[in-house]
Amino acid sequence: MNINWFKYSSPQTFYPLAGKMIPWFTWLAVVLAMAGLYVSFAIAPTDFQQGEAYRIIFVHVPAAWMSMVIYIAMAGWAAVGLALNARLSAMMAQALAPTGAIFTLLALVTGSLWGKPMWGAWWVWDARLTSELILLFLYLGFMALQSSIDDPRRADRAGALLALVGVVNVPIIYFSVKWWNTLHQGSTINMGVAPKMAATMLLGMLLMALAFWVYTVAVALMRVRCIILERECSTDWVKELSTGGQA
Amino acid sequence: MQWASWSAFFNMGGYAFYVWFSFGLTALCVVWEVLALRKRSQQALRLSQLLAQN
Amino acid sequence: MLMAQGLACLRGDHLLFKNVGFELKAGGLLYVLGENGSGKSSLLRMLCGLLMPGAGAVFWGNKKIKEDAENYLPNLTYIGHLNGLKDDLTALENLQISARLAGNDVSSQESLAALTAIGIARCADLPVRVLSQGQKRRVALAMLWLTQSQLWILDEPFTALDVASTEVLASRLGAHMANGGMTIITTHQDVSISARATQTLRLSV
Amino acid sequence: MKTAKKNAWTNAWLTVLKRDLLLALRRRSDIATTLFFFVIVSSLFPLGIGPEAAVLSSIAPGVLWVAALLAGMISLSRLFSADFTDGTLEQILLAPQPLALLVTAKILAHWLVCGLPVVLLAPLIGLQYALPNEALLVLVYSLLLGTPALSLIGAIGAALTLGVRGSGLLVALLVLPLYIPALIFGAGAVAASQHGMSAEAHLSLLAACSLLSLVLAPLATAAALRISVE
């Protein structure tokens, strides 16, 4: 009758399952990253306008993609967690947030590293960089809210709601920033990828994006395992696990 | 192959700092995140071990 | 009829109680007992629908209160351990606002009569800020003379009350049950309340 | 039966609105604090930047909008926290009427107390910034259309951080990024009229933001309150 008790016990079954999946995703990420790096550095041709500096896009663009994908995935897990009152989904949302924030930060830093040689300025208020900056604020807000609420159940649900509010707002924010950008800067700066991109360049970017994606899965699983351990530290199965591992 | 020599590869057409910094930082973030998580899970296990002993 | 089945309460990562169930029929009184921190207040809040049960469900009639809040809430009066009074408003204003929020459009005469019933009418026009703890409690409890709801859930209603007010309140509760009302109550005091059926529920893990 | 229900809803809504306005009236200093904050923040900029009218009028839309936004935000933490600590929030949650509806009454009261005075005061501050008359008018319009969205979105943040330690700063972190569209369209409207362009597009986008938040924000706020009160 009490289905809820099953849900409460599910972290226990998920913990070893995640442990088994992590090595697979890790190695897949390594292989994809190797292939991606090989294509980006050895095969992709030099860009005739930007020289070799354009190779930054092989991390910048995938990182920017991931930052958005992770936010959407986070909101998705949050919605599932809220709707079904499933603890594991909320934990997944929580586990994704720091990785998303790191990718957002990487997109920002690599964007400005790309901007400096191209436009001679470390920071330009271009629509994509500005949106990434706001996305970083959204991630930070989510993490700050979760960490300042002591009761994990309330933290899960409040964070989930915030993620949903954020995901509704992201398109509006993006649109408004674009609007603002075209008004104030005209079309002088466009950080979009060059229109005539060689197929190998696209391949490199896709491979790197896939590598990041798989890496995200692996890291999120690792973090969700940590969260499970921390939350369930007083349960018997975790105690058994921790002492059994020692002996 | 795109590169005449290793030094040309490392030089990145004069953009060495920007390119290598970008990739280096990304690698650093990845390594740091994995190590930090490993440490975090060990700490969590140690905590519950302490709880189990008491 | 109020029914609870298999309720469990989790606070943080520890379990306050589990498998709590009861059935309360018209005219019934339920005492909730337990030590401090055993989750009495949490149980009451759960029965109101303010707190989500870790497991189990609460039924009003034969529908879950969560799904049928529209029919449940008009039948419920809850007075928690907080009085729910605004310091800057007078006792009368507070009472009227609380009653209106609960869906009773009361006149100021009716509100004043309620304050008189619990012996606090002379404070009616004072801001609650200046009242004593016991007086504030009585202002909050005056709600019980205005409400028409069938189920009363009261968290420590007798705290800070003097002997006279305790008796007044006990007789009001008795009258409510005689009318077919139901009451769920937590208390430390030994007060006798008459009811058609009295049950006790002791909370422990 | 239907009309009886509607009456009950209107009654409860009016009760909450009247209650909050009455409370604000009993504590007038709270209104004054918000207004003073707005005036002080917007007066600091000329001191930091210099008194050249051309510079001031070019930054005026942004500065005035940011000041209005911050003034609205500092008063947010009061929106639910007093009700939360004295237990009246539980009464509102247990009222038979839909919580999202009652929440709109609280938000409207907050806007009337903290938003509207800022809107009315803004043209005076705009004069200090050498804004032309037309731009002043657009400033008032834009604030009138945009500040409701600020109160509505802010309510979500206030509800989420209820009873959390450091909630004042946390609200800023949660809510400010969500304010960006309103800021862009609002300040953009004033800037457009300064440059002799029509502000209509900006203003209609701003109105759309407010309408959208009127539909969604009360629902999110109600859900957040239920989570926070647990």
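In this document, chain identifiers A, B, C and D correspond to the written order of the chains, with residue numbering beginning at 1 in each.
The rule is short, and it goes like this: contacts are C-beta pairs under 8 Å (C-beta built on N, C-alpha and C of every residue); 3 or more make two chains touch, one makes a residue touch a chain.
Not measured: the values here are computed from a predicted model.
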{"item": "Shortest chain-hopping distance from chain B out to chain D", "value": "2"}
{"item": "Between chain B and chain C, centroid-to-centroid distance (C-alpha), Å", "value": "58"}
{"item": "Averaged-CA centre spacing for the pair chain D and chain C, given as whole angstrom", "value": "36"}
{"item": "Rounded Å distance, chain A centre to chain D centre (Cα mean)", "value": "32"}
{"item": "Chain A-chain B separation of Cα centroids, rounded to whole Å", "value": "16"}
{"item": "Multi-partner residues of chain D (at least 2 other chains)", "value": "230"}
{"item": "Residues within chain B bordering two or more other chains", "value": "none"}
{"item": "Where chain A touches two or more other chains, by residue", "value": "151, 153, 232-234"}
{"item": "Touching pairs among all chains present in the structure", "value": "A-B, A-C, A-D, C-D"}
{"item": "Contact footprint of chain A on chain D as seen in their complex", "value": "156, 160-161, 164-166, 170, 173-174, 176-178, 180-181, 184-185, 188, 205, 209, 212, 216, 220, 223-224, 227-228, 230"}
{"item": "Residues on chain C engaged by chain A in the complex (per definition of touch)", "value": "6, 10-14, 52, 54-56"}
{"item": "Complex interface listing, chain D residues touching chain C", "value": "8, 11-12, 15-16, 19, 22-23, 26-27, 85-88, 90-97, 226, 229-230"}
{"item": "Complex interface listing, chain B residues touching chain A", "value": "1-3, 9, 12-15, 18-19, 21-23, 25-26, 29-30, 33-34, 37-38, 40-41, 44-49, 51-53"}
{"item": "Residue ranges of chain A touching chain B (in the complex, touch as defined)", "value": "41-46, 51-53, 55-56, 59-60, 63, 98-99, 102, 105-106, 109-110, 113-114, 116-117, 215, 219, 222-223, 225-226, 229-230, 232-234, 238-243, 245-246"}
